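Next come two complexes, and both contain chain A; in the first it sits with chain B, in the second with chain C.
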Partner chain A sequence: MDMEHVWLLPAIPVVIFAVIGLFGRLLPRGGDWLAILGMGAVTVLAALAIVDFQGDNIAVWSEEWMKISDGSRVVELIEISTYVDSITVVMLTAVTIVTLMVMVYSVGYMAGDSRYGWYFALLSFFAAAMLTLVVSGNLLMLYLAWEGVGLASYLLIGFWWEKQSAAEAAKKAFITTRIGDVGLLIGIILLWRGSGSFDIQEIIHHAESGGFDQTYLTITMLFLFAGAVGKSAQFPLHVWLPDAMEGPTPVSALIHAATMVVAGVYLVARMLPVFDTVLIARDVVLYTGLITAVMAASMALVTSDIKRVLAYSTVSQLGFMFVALGVGAVTAAMFHLLTHAFFKSLLFLGSGSVIHATEEQEVEQLGGLRRKMPATTITFTIGAIALAGIVPLAGFWSKDEILVAAQEGAPAIAYITLAATAVLTAVYSTRLVLLTFWGEPKNRSVHEHAHESPPVMVIPLLILTALAVVSGFVALDGVGEALGFAGGIGEVVYEGAHGHAYALNETVAIGATIASLFGIGLGFIYWWGCAARAEAARNWAPELHALLVNRYYIDHLYQATIDRVILGLSGVVGWFDRRVINETGVDGSAQGLGYFGLRLKFLQTGRIPNYALAMAVGVIAIALVAFGTN
Partner chain B sequence: MTPDDGYVLLALFLVPLLSGVVLMLIPSRERSVIAAFTAVSSLAMFGLSTYVFVAYDYTSAEQFQGVRAWDWIENAGLLGEHGIQLKVGVDGIAAAMVLLTGIVIMAGTWVSWKIEHRSKDFFILLYVLVAGVYGTFVMLDTFVWFFFYELALLPMYLLIGVWGSTRKEYGAMKLMMMLVAGSILIFTAIFGMVSATGAGTFDMEVMFRLAPDIDRNTQLLLFPMVAVGCGTLAGLFPFHPWSPDGHAAAPTAVSMLHAGVLMKLGAFGVIRLGFQMLPEGAEFWAPGLIVLGITGALYGAISALRQDDLKLMTGFSSVSHMGYVFVGLGTMNVIGMSGAVLQMFAHGVMTALFFLLIGGMYDQAHNRDISNFSGMAKLMPVWAVFFVIASLASFGLPGLSGFVAEVHIFIGIFRAYPVIGGLAVLTAAITATYLLRMFATAFFGDVNPRWTGLSDITRAERAAATVLAASIVLLGVWPSWWVDRISTTIATIPGVTL
Partner chain C sequence: MSDLNFDYALLIPEFILVGTAILIIMADLFRKELGLGRLVLPAIAALGTIAAGAASLAYIDDVDDFANVIAIDNYTTFFRVLFTVVLLVVVVSGYEYVERNIRHTGEFYALLLLSTVGAIYMAGARELLTAYISIELLSFSLYVAVSLAKTNPRSAEAGLKYVLLGGVASAMLLYGMSLIYGTAGSTQYSEIAAAFSGGTSEYGFALLLGLVLLIAGLGFKASAVPFHMWTPDAYEGAPLPITAYLSATSKAATFALLLRIFAGPLLPVIDQWQWMMATIAVMTMVGGNLIALQQTNIKRLLAYSSIGQVGYMLMAITTISDASASALLVHVAGYLITNLAVFSAVIAFHNRTGKEELDDFAGLAETNPYLAMVLTAGMFSLAGMPLLAGFVTKFILFQAAASGGYLWLATVAVIASTISLYYYLQVIRRMYLLEPARGESGRWRLSPAGYIATGTLTAGVFLVGIYAGPLFTVADRAARVLALS
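Moving on, here comes the complex of A and B:
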């Protein structure tokens, strides 16, 4: 496909959204086939565009959106524009494939839902917004799409809004990310203020030629990064993502694992040349990622809800990507983004298959499902191994890239923390697989009506499994060459100072593999068969366990802040408005006037002698004053 | 626009006035005739308004278009030639406001058909009010301008006092007293300006030419009188307390017109009499306007967080959004001030939609405390969808009207005062918080069995809501129709930086 027509990619789903949204009730099957056909077309078009992609960065298409002029001269021009480069290509690959898989899977998962058609309309809307985000060439349009995916996420988390918990989770997700978005919008406007443009390439050019003041740019990039922190659920704004699991599971797979939550990573990768000019801001990215990676992984260890474990895992893996960006390794970040999109959406869809079959998502109630759900068991296990980073599955290659980058470009603490997190990742992956699929069923009634999911759900699982196995190979020169990009992904994603051909660093690779195997071993020791050892793990350090179960008390802290500080302030302001401004200022002045009127009316007695007396006093007073001044 | 279009501008306020007269002749019991007649007449107003907006040629060098004048009093006393005249004409700002009025009055008429108590009288007063609004927007003579300004305010007292709810006498009285107090300031300022220019005429075009040369001290004195006088009507903090109570008390269509259009009349007055005539005064006091504006924006949003009454929440929300208008005006640059006018339009359609929906629900439930409701999205799905659209526009979701306005204001204020810009962006997040809190409580969750009798909004309400929602989307997606007209006019204001 011609690059000039890349705007078609978001245009198709937005039209489908409108059609299903308005006329879905008249269409057979609520219009799900239309959404899937449309997404299929988008996937094909994107594939054609990717094949055509020549490897150079190209600005493609722009159109005036609004302009400020004084009649003759244009003062301010705001455009919408598309832009395609290698980062876009990686994003397009992940977004189109996962969206299509999730849509197909949803036909089975959402069957019989009362808002079935509306669900597919929302998925199309999300796809449109996400694709706009990916292809946009300027920051204002990116912000537009950024809020669009946020809205889609809000509506889909709250899709079953009859449940109060879903409504609350949707609210929490939107408001938390919105706090980050305040920073994002401030950052975008500050960039515009310094460079006079919203165009990303112009801003990068301006920064690289030293057009910004360093302090100004540092502050600006930190604001911008706040947006990424919110969207990608990084510490301290990570709290919304686990709650977002209230949404339908395919939505979690699509939005909260593979696509929307990586928008923050995408934004920082896109703006990395600017971050490179202010290294303090880049260090903030690095340490934010690092703290998040280890913190989220530790919480995943003790979580008993199968989807929440995966949610923490996602937060942790996003932390890995930010660490890579923090050391400037954009290739490693984008590579991990791609493989993670495949194996994490696989894991989520697998968990969805379990939930669909058992209507249960507490691992304490599951167990022994391997006999009843063989396909789900195998695909989920492969996904978990990929997550743990065992050669030759996808996760191994991309995580290895990040570890190498951290070892080369960051203080030793970063590398050590990441390695420790890799162990934790292997432990919780193993725990999740063992508790869900192995051992004996813990709840007979749940186990009894469990069954394998229908083919429409299993086939996407199989396709994603295949991708989780092979997508790591794009790092290899030979595979890259066969796919049309010589040198593997390392050459493609970034040219210039960051680019390098993939070379396996044996020390790191062997170290990481040992770490992962050690983690898997730990998982087996504690959760293989014997419940007593799992109990022992829990009681090993009760305070630590309580800290993790309570999510480091961060949610409690935020809730208390909202209840006490923010609503308290609102109460004070409301009281001030009613009592001081309104009752004292407005009503008070009215009553004051009324009071004076009440008093002064007694001067009007209606008796002539009184008036005559007052007149006489007045005349004498005026006469005295007149004489006095003369 | 040609000078002959002046007759269209004349028709803008004659149509509602004459409609009022015709309504007087229709017997009150003929409700269907009244409905049919008001349908035609509101459609005519909408059509004329749209024509004015579309016909305004922003590429022309003429700032005021469709100018026509008829002398009333001249060469008498202080007055010289063309002393007081009926003079009509619009610039880009007025054209946008005329369109806003057309949209809101049409929607407001449709939702008022279900009023049963003295419906004829209601429409008469409503149309007198609208005649005043149109007159203010198109009049180019300060004396007659003030007449129409007052004509727009006074019917309010009866409309709220007779057809209102919730402490209606108190709300009506407070609203009237505060606005009339503001009018005294405006009236004094107008005479001050006319006397200071010394031209012996109230003609605005003459005053636009001469008033900027008024000596600095007089300008410094007159500008705050205009800003506070008109600002009271625009909900300028701390002169806003009439707004929440007034809105809570007013009947649906009156709330729609009042928050949707009348508050804009105040901001329009600040631009017309203040910024366009008193550039030195404006420049001196602009930082003060920004401070009051951002205070109002934050203050309204924070107050709205805890409000339980939907109308009070929307009332405080209006204070908050109108705060943005003053922030934008205070920037004194083209992009920020254009944003202010865009915000006037955007807030107008959005808040009209809010009040329409709240009214549609209140008429059935006779209750509008958020905490009393839950699961409303199930009971009134269409209603809920429209409410969500209005809310998304309210907290500035890109692609809807609010964002276009806000982004202009933000860019303008960041150019002038970045820290206040940061606070302005933060306000948008607080707005999202109180609206989403309301959704989570009232719209979602289990259906409260107490309200199972509620039915979705009526067909007329749906049509009206569709018109308003369509305006929200249009401004959000094709902003250039508005931005072109407004920004070229803003650029002609003396003292405004590009």
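Moving on, here comes the complex of A and C:
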């Protein structure tokens, strides 16, 4: 497929969404096969497009959407455009493969659900919006797709809306990300105001040629970054992601690990040339990522819900990517995005397999599942090792890239914090594996009816495991060349000024490996067997434990702010709205207008002489106007 | 006069329409003898209309005229296509209604075809008398068409009112035209423009009086307040498809004529008429929308709603400029699509229930969710909600007025438009929030023609709302003929 036709990729799932949404009830099996076939076609087409892509050709396609002209002069031209470069290619790879795997897996996981067909319609809708976001060449279209994935996320988190907590979580996710989205919208409008265009490349060109005022652009990029912070669940807007785990687990794997939450990373990567012209904004990116990475990893240590641990882990890993972007290393960020998409969706689907088998997601209730669920145990463990960053699995290569970038391009504090976070990552990965699959079963009845998942769920796990093992190798020059990309990942992901071919930095690599092994060791020390040392550690510093369990009291702080400040303020506004605006202004004027209309209505007598008289009066009236104004 | 261009090929679309009308009357006469089925007449009308519309496309980018009286240019082509499409929609969505409620169906189709010819020449005329005769061709056809439901006394009453008041308006119009002829020395638009460009001080009074009468006469045809009073009665009494046609072609043709005249021969004397036009624009926007608040019959509601829409269009004439001319064409096209969508739905509703009071729409969302959706899209579009045609076209129209320096007029339009939301929502509220009447809660379906008409038009409402680019381009090309700048 030619790169010019990438618009086909989102077009296919949008059609399928319409078909299943409208006629799903008439289709056999609710139309799940249609969604999967469609997504399969999209994956094949994307693969063809990626093969066609050679690292240096940048494909642009555009079609006029709306033109506002003042006679002959075009005032505003808005286009539908796609833009494909190496960043897009990486995103396409991650999005298409993970979406397809999740859809197949869902056939088993969602079997028997009362809204089975609608679930697949929503997944198709999400895929369409996500692909649009990725291939979009201008910010307006990107924003539409951005809201589209947000809507899909909202609907899927709240998919089981009968459950109070799911409905609450969906609302929280929507509102929290919306705070960031407003920033994004303001940022887009400011960029348009400054450059006169929505086209991303034109904006970048405008910024690089110094067309923006520095202060103006700094503020603009911070607004834009707010959108990324919301969508990618970075501090201080990270609170929605753990709650979003109320959605079906495949959804968590797809939207809240591999695709939608990395949209923020993608946005910043896409706009990085503009960030480069205002370095303060880039520093904000760096430190936001850093704080988030370490904070989320620490919370993952004490969380007992298997999915929430993975959610905090995702937040933390996204922080790693933002750190990479903050030092200008797009290559490292996008590489980690790719490997993370594979091993994190693997972990989520593995946890889904556990939940499917046991209907239990508290690790305190699990344990000893390795004999009952061997395939899940092995694949999950491999995913966890990849996350911990042990050579030669995928996470090692990409995390190493980020560490190298941080060491070279940022103050020492960044490198030290990241290394510490890497230790924490290894600790909670180990803890999760040990508590879930090893040790003795803590709850007999849960353990009794546990069983391995059906093949339709295990096969996607196996495929993702393979990817979690090998996807890091694309970093190696030899592998990159064998796949048809001269020069390995550096050449593929970012050519030009920011690119650097992958070179293993032995010091960093060995240091990181030691950190990971150290973390795994700590994990074994505390949680192997009956986890007595973990109990002891908890009692040793109860305040620290409480701080982590209560998520640094950030949720409490937000709730208190909402309760005291916002609700108080809105009470006043509400009173004003009810009494002054509504009762006096709206109702008053409406009654006034209605009365006036009633009077006018009675002028309409139905008698012809009256009508003719009205016309005569009208003529006299406009004649008076005519003679009065001349 | 040998230099006049008598190229009859320029008029082929109208020949087709007139020929089809004659064919229908003949076929109707010998209906029994020939054993014609009930679908034959509408089929002939539809085919003739399609042929005329297709033939119109051959004149794109022509700059020509027939005997100096009818211009064949992009502007005329724009309206030729628009009016044939309207006619086709009325025929398709109305034939069931016509079959049930009108005895002489041949007359119905023939009159519509002939009136469409009148409407096209109103847009194409480049000379006052031709314009007048075209108006009368349209009007006379409609006087008869309004009273076609001979068994319904309201229909006859509506026809009589329309013809009597229309006579008064025609007299004023003709008198106004003769005064303009007297001051300019010609009935040709181009020569009037040339004459007025050279100064008008010596004819001050006669010219002003001529303009007053011209605006009053055309105001009647456009149903501008206070010349609108025939409108609700005629809309209510007329057979439903004719009401749809009145609200569409008759309005649009009047604006085609208004724009051609006020952006052409009368542009040099804009200072003399601008305040008059502004006054009736404001009265029409405010009056139409206010009285609509109190209506309980869907046809009367739509009558006042269309009066309100006319007010916005008059605003575009008042603030005449390159941008507002193009915006007016866009708005007319968007309004026609939306209004026809609403009327097709109302006709389908009437075909099933025989009712037309607002309260009869209670619970429609339950008994026919599809039709409720169509009506909701149409009502929201008329009110100017985003994603629908009405938003885009109104936005462009208001923007043209505001950026032309008439912010106050655009403000009035926005306020009037806000008021209008109330009565559009009244219909939607009844459909969705109220229960269906007792014993009428069963689901029902439309006829295939009903689905085709409403489905296509609703798709059009969304298409213009989301992807208006092509319509803007077409309207720009049509408006460029007027050579405003």
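Keep this in mind: the second predicted complex is superposed on the first by the 573 of 630 C-alpha atoms of A that agree within 3 Å, B and C clash if a C-alpha of one lies under 4 Å from a C-alpha of the other, contacts with A are read in each partner's own complex, and residues count from 1 in each chain.
Rule of thumb we're sticking to: contacts are C-beta pairs under 8 Å (C-beta built on N, C-alpha and C of every residue); 3 or more make two chains touch, one makes a residue touch a chain.
The shown structure was predicted, so the numbers you read here are calculated from the model rather than taken from an experiment.
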Contacts for A:Ala590 in the overlay, against chain B (first) and chain C (second): which applies, first, second, both or neither? both
Answer with first, second, both or neither: which of chain B and chain C does A:Gly571 touch in the superposed model? first
Thinking of the overlay built on chain A, is A:Trp192 touched by chain B (first), by chain C (second), by both, or by neither? first
Answer with first, second, both or neither: which of chain B and chain C does A:Trp161 touch in the superposed model? first
Going by the contact rule set out at the top, does A:Gln604 touch chain B (first), chain C (second), both, or neither? second
Touched partner set for A:Trp65, first chain B, second chain C, both or neither: both
When both partners are placed on the shared chain, which of chain B and chain C touches more of chain A: B
Just to be sure I read the superposition right, which of the two partners does A:Thr629 touch: chain B = first, chain C = second, or both, or neither? second
Could you give the residue numbers on chain A that contact chain B in one complex and chain C in the other? 64-71, 590
For a test of understanding, state which residues of chain A touch chain B in their complex under the given definition. 64-71, 73, 75-76, 140, 143-144, 147-148, 151, 158, 161-164, 166-168, 170-171, 174-175, 178-179, 181-182, 185-186, 189-190, 192-193, 566-567, 569-571, 573-574, 577, 581-582, 585-587, 590
In the complex, the residues of chain A that touch chain C are 64-72, 590, 593-594, 596-598, 600-601, 603-604, 606, 608, 610-612, 614-615, 617-619, 621-623, 625-630
Given the complex, residues on chain B that touch chain A span 58-59, 61, 174, 177-178, 238, 241-242, 245, 299, 302-303, 305-307, 334-335, 338, 375, 377-378, 392, 397-399, 403-404, 407-408, 410-411, 414-415, 418, 421-422, 425-426, 428-429, 432-433, 436-437, 439-440, 443-447, 479-480, 483-484, 487-488, 491-492, 498
So in the complex, the part of chain C that touches chain A is made up of which residues? 160-161, 164-165, 168-169, 172, 204, 208-209, 211-213, 215-216, 219-220, 225-227, 229-230, 232-233, 271-273, 275-276, 279-280, 287, 290-295, 322-323, 326, 396, 403, 419, 422, 467-469, 472-473, 476, 480, 484-485
